[in-house]
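See below for the structure under consideration.
Chain naming follows the written order as A, B, C and D, and within any one chain the residues start at number 1.
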Amino acid sequence: MDPQTYQSTGEMLRNLLTLAWLLPLAGFVLEVFAGYWSHRLSRAAAYSAVFCIAAGFVCSFAALMYWGHQTHWSALESHASPADHHDVLKYFSGTYYTLAEFGKLRIAIDYHIDSLTLVMFTMVTLIATMIHIFAIGYMSDELTEHYEDHQVHTAHGHFHRPGRFYMFFAYLSLFSFSMLGLVLAGNVFQVFVFWELVGVCSYFLIGFYFERKSASTAANKAFIMNRVGDFGFLIGLMILWTWFGTFQFNERVESDANGRDVVMPGLFDMLRDDHGNVTVLPANDHDSYARVFLADPGHSGALKHEGHKEGKTMPYFLLVVAGLGIFAGCVGKSAQFPLQTWLPDAMEGPTPVSALVHSATMVAAGVYLAGRFYPMFLPEVLLTIAYVGCITLFMAATIAVVATDIKRVLAYSTISQLGYMMLGIGVGGWTAGLFHLITHAFFKSLMFLCSGSVIHGCHHEQEMPKMGGLIRKMPITAYTMLVGVIAICGLAIPGISIFGIKIAFSGYHSKDAIIATAMTFSQLNGSHFLLFVVPLLGAGITAFYMFRLWFYTFIGQPRDHHVYDHAHESPVVMWAPLIVLSFFAAFVAFKGEAGSLFKLLLDTEPASVAHGLHDVGLAGDLNFPSHVGIEENHKAAGLYALLVAVMGTTLAYLFYGARVLNPAEVKRQFAGVHNFLVEKWQFDILYDAAFVRPVHVIAKWFVAFDRNVLDGFLHATARTAVSIATLDRRFDETVVDGLVNLVGNVTYDAGRSLRYVQTGRLRQYVMFIVLGVVGIWIVMRLFAA
Amino acid sequence: MPALFAADSSIAKFLSDHIGETWGYGLTALIHAVLIIHFFAVAPLFYIWLERKVAGRIQDRLGPTRVGGKFGWLQTLADGIKLIQKEDLCPGAADRFLFRLSPYLVFVASFGAFLTLPWSDGWIAQNLDIGVFFMLAVMSLEVIGVVFAGYSSGSKWALFGGMREAAQVVSYEIPMAICALVPVIVAGTLNMVDIGRMQSGWFTNWFVLHDPFCCLAFFVYFTVATASVKRAPFDLAEAESELVAGFHTEYSGIRWSYFFMAEYASMFAVSGIATALFLGGWYTGIAPIDEGLFASIREVGGSPAEGVTTLGSYVVNLIGMTIFLVKGSALVFFQIWIRWTLPRLRIDQVMTTCLKYLLPISCFLLVGVSVWPLLLNSCIGRTTLVPGEAAALGNKVPRVAPTTTGRKTVAISLTNDHGETIPGILFDPVPITATAERE
Amino acid sequence: MEGVGLTEYLVVAGILFVSGVVCMATKRNAIGVLMGVELVLNGANVNFVAFSRYTKLGLDGQVISLFVIVLAAAEAAVALAIALNFYNNHLTIDVDRGDELKG
Amino acid sequence: MSGANFLFWVYALAAGGSAIAVVLTQNVVRMAFWLIVSLGSTAGLFFLLGADFVGAAQLLVYVGGTLVLLIFGVMLTASGPFINMKTNPGELVLAGVVGCALLGVILSTTGAVAWDALPSSQHQQKLGFNPPEDGSTLRPLGMSFIGLRPDKDLDRKGTSGQLSTGYLLPFEIVSVHLLVVLVGAAYLARAKRRQGS
């Protein structure tokens, strides 16, 4: 692609995406004010929100199509970059507006557009549109002046408040805006800003029913847990800023004082060379620890390296710490171990929020950042990511097996699937992880909306033991849910393919890719075999609990006739999005790794991934699989995964579908394990003991210190002030007041004596005037003479 | 002294040439006063007779027929003799001093108005520069006498009449003055002789035909004038069906007749103003005749022409005065006609008519006639409808005309009677400084 | 008697002025007081016009006296409105009764 | 004695005498009558002084308008048919004495100035379009109201310098003032409907 086409294509994409990004913000402003302008029974806010996000989707989709048209579904590449020292630019980036520049520190609103950005944009706007439409139906009971909250009890019965329909949609719009801004961001600081915006929006939405204690607690929990992760993020940012001096992802061309073009390198350019390799300088006599070479042409006192690049070095371990810090942010946002506890509680929000949080926006942000920041992660960090993902996926899957709340099952499944993604990224399957992110977004949003439909249809009943047999009452929901369940389980018909296309839903392809990568990784690094075994096992558990959910809810005899009798299919505004989403859940990964979605993501893959890495890391014993290596294992891994999934499915059918096995007996036999799982691996208790109680104790100490020492000091000060004030008051009362009163009295007496002249008689005043004139004349005559 | 009697009156010139200025002017004043008083004495006789006959005809009867021959010529004279013979009564509750004085106040006010009424080109008692204004001012004094009469009678009917009169006349004075200002704006002067002279030539030069606003103003003026001399349908002050006879209920005899005479004199006075302002004054309206008649006494270059004091000029002026009287009497006849045709309004209707309709209309006319030349100037390029009309008006009166200077500001300049332009400036803070000097 | 000059006019104006003042000082009727005010204003007006005739004051004197006349009309209207209100509240027009605000 | 002088004395005596009569009369309506005579005579004085327009304005506005208004007020506020509010004789005497003192002050001050020595403006009176002898006194005044000063500017030599200021702005201000006062007076004197009745 020649530079002109590159430039024009990039600008076109930028304009479309900017529009798609800003439309929800406009919608937010409109809806916030629309709430004041219109009455609470108006759906205008919902329509404007849907319009904005749908228009955003149209723009994003147009951008995607335009990309495809211009690049023939290959990478956006400029073979002659402006500064002409780089061979290929696979992205289009630039600056909207520079907010501030403090010396070298430059705070700007940038954009960074590559195929990942495009795919994320399209996915987020599409899912958000569907969820918006669904929410019109789901939130319709807020369209009232007197909303009765059955879960909040006051002295006068249930709590009543005006409906907050428009606020909900305003929050949704702001949420979408934040997520899109995060995806579009061109520097890590901007990412952080939108990261926090996403966090605060989730806080609003999880706490949407903030009158409920559980909802406000859950919102607080989500917010605080995220802060813990963000703390690590901030540390990472500080390290990056200290050593790199920029927040920019990629290089930026800037005119210097002489008008010449100067290339300001970005983070990735500084760390990685053109082939994506990091130059590590091992520890030697002068240096007690290893260092990493950073290319920095603008650095004074630069040292030459490899003949052409100038640069500087930074300690290796600090870069590891920075990577771990950034990853800590991702852990918080994506609810990975050990910060996963907020996500199940976030089910307190309305179901559309759960759908949005769990698929397209909040948790996706963490994985997205891990993917976007992949070039900054050193092998040790990647290994950490893989293990964190591994632990998370297993832990969450086991909890999901025993959960009974329909939304909580889905929540734990989300955590588990996020673990898969992290694992995929950690073991070097960059594309596989993000591939799973996209597919998962579709089927998870689908399943959440289905569960929302079920909850809506069952009048806010969320406990699965009270459901059953609902397929007769709500067939559309049930079948669309089945599509999602099959997709997430990764079921497929093996061996048969029509026109060379496997008969499988999207989840099969993406999970397959991750497990294949993990398998290759464990083959390369024998000591890390758990990274393959656990996800494989997890695939089985996933299939088990997902089908458990589906059988429990839709198949068999109704368990609670009260619920069953009142259950009904949701209105069209709610099931229409389900149909759309189920289509995408099934076919978004069409053709799997030969499909266009995977290829698009592959375009953006960092340069170091494709060929794998050998003997990297400080210890030099880590190997990362190459594409070729993965391809070899692909078929086997796919078979293993499918086998395990089928086993899980069968087990679930036996337990809950055919009822051959009795789950209650199993529960009794493994009561200890069951309790442990029901208590979510005791994490809440652990955190309570480890953090909350010590904090309380320390707080008590501080209270005592405050009471005895600080208060005493303050009281003494106050007493002194009072005694001084008493003296001052005496002075005021005697001297100052005396003077003031004296003046007042003199004036008053003068006035009293003069009042007799004020007779109120007009005619006398005239006489006074005349006498005055005559008197003045006489005086003048006297003195003139 | 000259400032007072410096009219174009040729009698004054003649007499002062012969017996000295002081006595000459004094004698002139005396002669004119006697003439006008007798006009007053005779004109009402005629008008009252006219009113009776007209009323009779309108009411399908004959009116006076017997006294003085076939048409009842002397009916009014007989009435007058009867009135003089009556006893001069004064009610006990009355304030005698004011009661006796009021008829004279009314009478004097009506009289005074004739001071600046131009009978003919040069026949005017006092050619004041403020002629129109003076007439309106003096006629406004009449109301005081009426109010005093009403108040001092000690009768509630009279009091009501007086109050109504005060309210009505004070209100109607305003649209009347504004309507009179409309032709004054066209003429650019308040001098009644000048206004009259401007309407010489064909009758299209009369101000009533000058522009649409003047034409409307004539009718509005006539309506208002009828009201201000308290003629029906506006005669609320003496509404005999409600207030017995209004402010003159308690009057009888010769004092009552003073009110009557004043009323008819006022009728003629307002008609005279209308004649002079709108209807071409003493001109016949046929250009050749007027030219022939009045060219002989026209002043040339600011000084009287030869033969001004000749007998011929008297004859010409007499003809002019006759034309003027005929026009005025026709208007008086119209007032009588209206009186016997239209029913009386209520007092609130009278006030409403004035304040809600006539006053806004007259204001509109005033604005309209001011804008008219500008409108014409922008439409057809000259300030008058008929070409050459400005020249017909003569150079006697300085014209105020808006001009556009080179600096694109609207300025006002003046042209004096010698054709010099005196530049002035209205809207530009920096004056245009070409000052013509007077010789 | 020789030609009348400025002094004679000033004397007349003075008499008018003093009459007005005395009128204001003696009349108990509010409208009488108002009449006194009118007399005083007229005295001043005579002064202005006389000065405009006999000194370099020129047209300014006439213009000022015109303004005085117009403003006196306005003042009379307002004063009369006040008097009517006074009458409505006190059922009398005696200015000596309007001394509620005396010291 | 010339006619103008004679007329001056007639008007002066009428004005002054009526003014004194206003003071001495106790009946308000008669006071109004004397006031009319006094003001009318003052208008005559204005005519004598060549201020025709001022005189006519005095007649139209003052006598025809303001005084009618006053009489109106007298009638509206009359508690009896003829109002007689007796003034204390002592006050009368006192006011008379003080008034005489004031008159003395004024007259002595007037007499102390040599008015004849002042520069006269007679030559300015001759400026204008028609000589004032023809009774043409209005035009300079009218032009001063639209911002021109022929009495000051017509005899200037040359083209330099500032023209004198006219009275356009004060005229407009007074007009607006008059309008405001009329509205205000109408508001003050409006019929008040008591609440609840």
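To be clear about the criterion, a residue touches a chain if its C-beta (ideal position, glycine included) is under 8 Å from a C-beta of that chain, and two chains touch if they have at least 3 such contacts.
On a predicted model such as this, the values are computed, not experimentally measured, just so you know.
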Practice task
By the contact definition above, name the pair with the higher C-beta contact count: C-D or B-D.
Solution key: C-D
Practice task
Using mean C-alpha positions as chain centres, tell me how far chain B is from chain C in Å, no decimals.
Solution key: 31
Problem - Between chain D and chain C, distance of the C-alpha-averaged centres to the nearest whole Å - result: 8
Completion exercise
Whole-angstrom distance, CA centroid of chain B to CA centroid of chain D, is 25
Completion exercise
Distance between the CA centroids of chain A and chain C (whole Å) is 87
Completion exercise
Residue ranges of chain C touching at least 2 other chains are 21, 25-28
Completion exercise
Touching two or more other chains in chain D are residues 2, 4, 50, 53, 57, 65, 67, 69, 72, 91, 95, 98-99, 102
Practice task
Would you mind listing the residues of chain A that make contact with two or more other chains?
Solution key: 763, 767, 770
Problem - All touching chain pairs, where touch follows the definition stated at the start - result: A-C, A-D, B-D, C-D
Problem - chain D-touching residues of chain B, taken from the complex the two chains share - result: 1-7, 22, 25-26, 93, 95, 97-98, 101, 126-130, 133-134, 136-138, 140-141, 143-144, 147-148, 151-152, 154, 159, 162-163, 166-167, 169-170, 173, 177, 190-191, 398, 400, 412, 414, 416-417, 422, 424-426, 431, 433-435, 437-438
Fill in the blank from the handout: Per the touch rule, the chain A residues reaching chain D in their complex are 763, 767, 770-771, 773-774, 777
Problem - Contact footprint of chain D on chain C as seen in their complex - result: 1, 3-12, 14-23, 25-32, 34-36, 38-39, 42, 45-46, 49-50, 52-59, 62-63, 65-67, 69-78, 80-85, 87-88, 91-94
Handout entry: Parts of chain D lying in touch with chain A, wherever the complex brings them together
Key = 91, 94-95, 98-99, 101-102, 105, 109
Problem - In the complex with chain C, residue positions of chain A that touch it - result: 754-763, 766-767, 770
